[in-house]
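Each of the two complexes below includes chain A, the first together with chain B, the second together with chain C.
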Partner chain A sequence: MARLAMAVTALRGRIRWSRGVVLLIAGTYFLLPMVCSVVFSIDVPGQGVTFDAYTGILGADGFLDSLTLTLELAAATVVSVLLLLVPALITVRLTAPRLRWVIEVVCSLPLVVPAIALVAGIGTVLRWGPDHLADTPLYDTFIAIQDPDFPVVLVLAYTLMALPLAYRTLDGGLAAIDLKVLVEAARACGANWPRAVLQVVLPNLRGALLNTAFLTLALVLGEYTVAAILGYRPFAVWIVGIGGSQAEMSVAVSVIGLLVTWVLLLALATAGRPRSARTKTTAETS
Partner chain B sequence: MTMTFDQPKTRTENQTRTGATVEFRGLQRSFGNVRALAGLNLTVGRGELVALLGPSGCGKTTALRVVAGFEQPDAGEVLVDGQDITRVPAHRRDAGMVFQSYSLFPHLSALDNVAFGLRMRGVGRAERRARAGELLDLVGLPDQADRYPHQLSGGQQQRIALARALALRPRVLLLDEPLSALDARVRLSLRDEIRRLQQELGITTLFVTHDQEEALSLADRVAVMNAGRLEQCAPPAQLYARPATAFVAEFVGVMSRIPARADGATVHVLGRTLPIDGDPAHGDVDVLLRPESIEVVAAADGSAQVLGAAFLGAITRLSVRSAAGTTVKVDVPSPAATTLPVGSHVELALPDRPVLVAPRKEQARA
Partner chain C sequence: MSTDLSDVGAPAAVRIAPALASGERGAVRPRRRRVPHWLGVAPLLLFAAVVFGVPTVAMVFGAFTTPATAPDGVQATGANMSASLQGAYLTALIGSVKLSAVTALIATGCALPIAHTVVTSRFRLVREAVLTASGVLANFGGVALAFAFVATLGNAGVVTGRFDLTEHGWSLYSFTGLSVVYLYFLIPLMVLILTPSLEGLRKQWREAARNNGANAFRYWVHVALPILTPALLGGFVLLFGSAFAAYATAAAMVGSSVPLVTMQIADALSGNVLVDQGNVALALSLDMVVVAGLVTAVHLPLQRRSARWLD
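Coming up: the complex of A and B.
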């Protein structure tokens, strides 16, 4: 018995030790570049440690404009992705489950079309469109979606690019609930279709919806190719732009960007936990 | 637990509402090549509990879903209190439903689940909470109000689903195999509970099940369905004693066949001549016999032989190979079964009572 206990302790010690190694490797891989970035951004040769790069960000030319534009684009993209996919996926699952593969194929297409090919196509259409449509109301549409203050064309492109990620997350969320029974139970309780979806299905998809929103947000925050080639200046393009002139500041912005993303992820992870789990302790003590 | 449900102070509407009649008329529904309903006709009386019983794929669940509004019939109509509701959308129908799978809304507490229907009807928060509380009392779970579905056992979840279905005071209650996901003990207690509530509230109830014991013990009448049609709808005792068709006879309870020769109003079986119960028959027939209506006596030179025995408590059910080669199930009191070990030779005998006959069916000789 005692020998068994000793063996168990030794085994556990070995497991802990191997865990430590894995943690060390992973930690080094993730943290070392970040530490180097931070050091680079605060340790300026000849000046010693200074936080000028960070304090200067807010005052930097174009920082607020590009960040605002990116956040607006992200919000619009999240909304359009959800409005496009959620009703489509629910409808297909409830009324024509055999058509699921169609949606899956369509949503996966952007994966095989590289961003550079996508933007080449969009650029061609944008140049070609106005010439052919000069006499129609569509001409104004073409001009409107390219408004530099809020380029709708970027939202369209980002929506397309976010489809594969959004589809996987939402489909996973829908597969985890018994959609048909939930909707039927809601309808038997006197809820019409919109209310059944809004008050029963969506609350139970909360985790999937938040994850979709987060992935889309991350995609838009980091997207460079399409925006740069079409000539717009959201956050990622701006960072690359100042990288050429102010190296420390571009790294400082990246570090902050990373931290913000991390905080967002934590916030979503907390919000995505089902309410029942969070109130469990109160329910048990009451 | 025993409070009555009809007297709460919060009642504002539907004071006189009781169960409605439900009538199926020539209901047809096909899924691709499969005919789930092939002209179903059935009338359920006010406050009656009718069990729809049949093998899987017989259309019983489809019939229920047509009443709920989740399926549209290809032809025929459903009448509730004489009004055709075939075109009424599901959420405007006056029917509560309990599903086979656990169907509580996972994001709502037990109380909010029960109150959901009232919320859809625009009932105020205080009133609907009070009423949902009464319903939780009614199903015996007043202390589980704040629990979420994943914190409840299967039986508790189905009780709450029942409370939720009753919250809108529906005129028709639809139960789609609500007990089949539960373990045996819980199933029995919830079965009694459903019956008690149904009688207390006088609510017309359709209960779909493939479990004949459940149907026979619970229902006022049992409707046996086969291949989308109604075979027979009768009170349990009548269904058991006087099955209208050979399908009913063999689906409900245990029925053994013994080859015989019919001669008009009588039939010759096991060396006796017995009157036929039902229409006269001629020629080769099978006599249909319940295990409890056959007698078996030990006889060293008997032409029948005991093949097996299953102990069922007070009785033991013997499988006996008859002289004609068919296997017959016979119930004997368990103490008597010790004198009839497996392999022993016996003699089968029938009491002097009218018997049911069916056209001869070739079966595998045991």
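Coming up: the complex of A and C.
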């Protein structure tokens, strides 16, 4: 018996030790490129340590425009992803379970059509505008969604591209709560439908909603393919544009972009934390 | 009748009874009838039909027709498709599939221990830090990632210079190099995908296995992994899709000698190499869709069969 206990303790010790190694290796692999990027951007051969790459960013040509455009696109995309998916998923779980596979297939479709293939298709469709639709009211729509100041066509494409991950995240969140019981309880207490969803379901889905927003946000911040091929100039396209002539600055901007994303996500994560922590404590004490 | 009962808060059994009698599968139905089933689902389906459907149809149509600029106008043809499956285009397609499969497999293998460490960690800080980091890194793909690796392991990179890696035969612009870069966003992505499933593994299952005399290894092989299989498969397919579709990373790492189908499509679309290859680009896109579709089709039935455990 004592032997068994020792074996268990030894096993425990080994497991704890192995998890340290796992984190160490992973940490090294994931931190190294960031450290090297910083070194690369401040340690210029022949000039020594200089922060020119960073100080020059704000004044760089097109920086602010591309950043603003990207942030606007990101906000619009996050809103449309949530507005499309949340009602659909709640409906499917509550009243139309037979439609579930339809939603799953629809949300998985973008996985089957890569961004580059999608943009090849979109480009073809957009060329129909001047070619075939010049005399119809649809033509104005075609022009409007391609407005260079705010290309709606990019929001549409990004929303579609965000669906697979957003679906998985939200669906996972919905699976973790007892939606039926929650809604029935709310309805039994006299809440109408919108109230039951807004005040009972959504707060319980907070984590999943925030995660979905993260993923979508990050997708838009880094998206290059669709924008580049359709000829728009959001952040990622701008970085590649300067990469050829100013390698240090493009790496510096990448570093800053990463830091900003990180801070943003941390802020969102902290915003979502107090409630979940509270729920956990109540669950443990009860 | 049933509506009245549920309104006065009758016991569940009484409310369910009429529903069952009338052949209803769900439990408490009557109140919900007022909300049409399709109302919540319709916007999503409409959106998908327009934004996904129209470009896809245009792509398939273009893949099998001659371009409008051709002498005879738009004609049905198989030439685009056969051109897309020959020579450099075929090499690129195979290169993409190989790179995606290898990186997705390695990433799945690396992410499982990380996700497990995170889920079972005693320290909430570790957990939150790793998950937030994964959220950032999984989407760090594309341009910024390419620049970070060029700065690290590229020809003028910091690590390359410090350790004279070039003399040891290292090149970031090779298959191995590109794999190392891809893993950087694939592993965190898999950690994000696996964490909820690992959290779904109940403590009781592990305890039950231990009570029945299973050690950690047997618990993993006979209980945890079978339950996790759908998540792992689903994750693998997602990773394959991400790697297969990746364009920005390779595009920003100019000088990459690895042939990738996405690069070929972009070149053909922009007419960089040959003029008027637009419809071949559409045919190549269709090839990509077929490959990605086959991979997805393989995992769907498997996933549905065993997904019930973690649901």
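One rule holds in what follows: the second predicted complex is superposed on the first by the 250 of 286 C-alpha atoms of A that agree within 3 Å, B and C clash if a C-alpha of one lies under 4 Å from a C-alpha of the other, contacts with A are read in each partner's own complex, and residues count from 1 in each chain.
Rule of thumb we're sticking to: a residue touches a chain if its C-beta (ideal position, glycine included) is under 8 Å from a C-beta of that chain, and two chains touch if they have at least 3 such contacts.
Note that the structure is predicted; figures quoted are calculated from it, not measured.
> Let me test your reading of the model: by the given contact rule, A:109 touches which partner, first (chain B), second (chain C), both or neither?
second
> Can A:200 be said to touch chain B (first), chain C (second), both, or neither?
The first partner, chain B, only.
> Could you tell me if A:185 is touching chain B, chain C, both of them or neither one (first, second, both, neither)?
A:185 sits against chain B, while chain C stays out of touch.
> Mind working out whether A:64 is in touch with chain B, chain C, both or neither, as first, second, both or neither?
neither
> Could you tell me if A:177 is touching chain B, chain C, both of them or neither one (first, second, both, neither)?
Touch partner of A:177: chain B, not chain C.
> State whether chain B or chain C is in contact with more residues of chain A in the superposed arrangement.
On the superposition, C touches more of the residues of chain A.
> A:24 contacts which: chain B (first), chain C (second), both, neither?
Neither partner.
> With the two complexes superposed on chain A, say which partner A:260 touches: chain B (first), chain C (second), both, or neither.
A:260 sits against neither chain B nor chain C.
> Quick one: classify A:138 as touching chain B (first), chain C (second), both or neither.
Once the two structures are laid over each other on A, A:138 reaches no partner at all.
> Touching A:32 in the superposition: chain B (first), chain C (second), both, neither?
A:32: touches chain C, not chain B.
> By the touch definition above, which chain A residues appear in both interfaces, chain B in one complex and chain C in the other?
In chain A, residues 184, 187-188 are touched by chain B and also by chain C.
> For the complex, give me every residue of chain B touching chain A.
Residues 68-70, 89-92, 95-97, 99, 101, 103-107, 109, 116-117, 120-121, 146-151, 161, 164-165, 167-168, 174 of chain B touch chain A in their complex.
> Can you list the residues on chain A that touch chain C in the complex?
Per the touch definition, chain A meets chain C at residues 11, 15, 18-19, 22-23, 26, 29-30, 32-34, 36-37, 39-41, 43, 83-85, 87-88, 90-92, 94-97, 99, 102-103, 106, 108-125, 128, 131, 156-157, 159-160, 163-165, 168, 172, 175-176, 180, 184, 187-188, 193, 211, 214-215, 218-219, 221-225, 228-229, 236, 239-240, 243-244, 247, 250-251, 254-255, 257-258, 261-262, 265-266, 269, 273.
> Where on chain C does chain A make contact in their complex?
9, 26-28, 31-32, 35, 37-41, 43-45, 47-48, 51-52, 54-59, 62, 68, 110, 113-114, 117, 120-121, 126, 128, 130, 132-133, 135-145, 147-153, 156-159, 184, 187-188, 193, 196, 200, 215-216, 234, 237-238, 241, 244-245, 247-248, 251-252, 254, 262, 265-266, 269-270, 278, 281-282, 285-286, 288-289, 292-293, 296, 310-311
> Spell out the part of chain A that touches chain B in their complex, as residue ranges.
177-178, 181-182, 184-192, 195-196, 200, 203-204, 206, 274-276, 279-280, 282-283, 286
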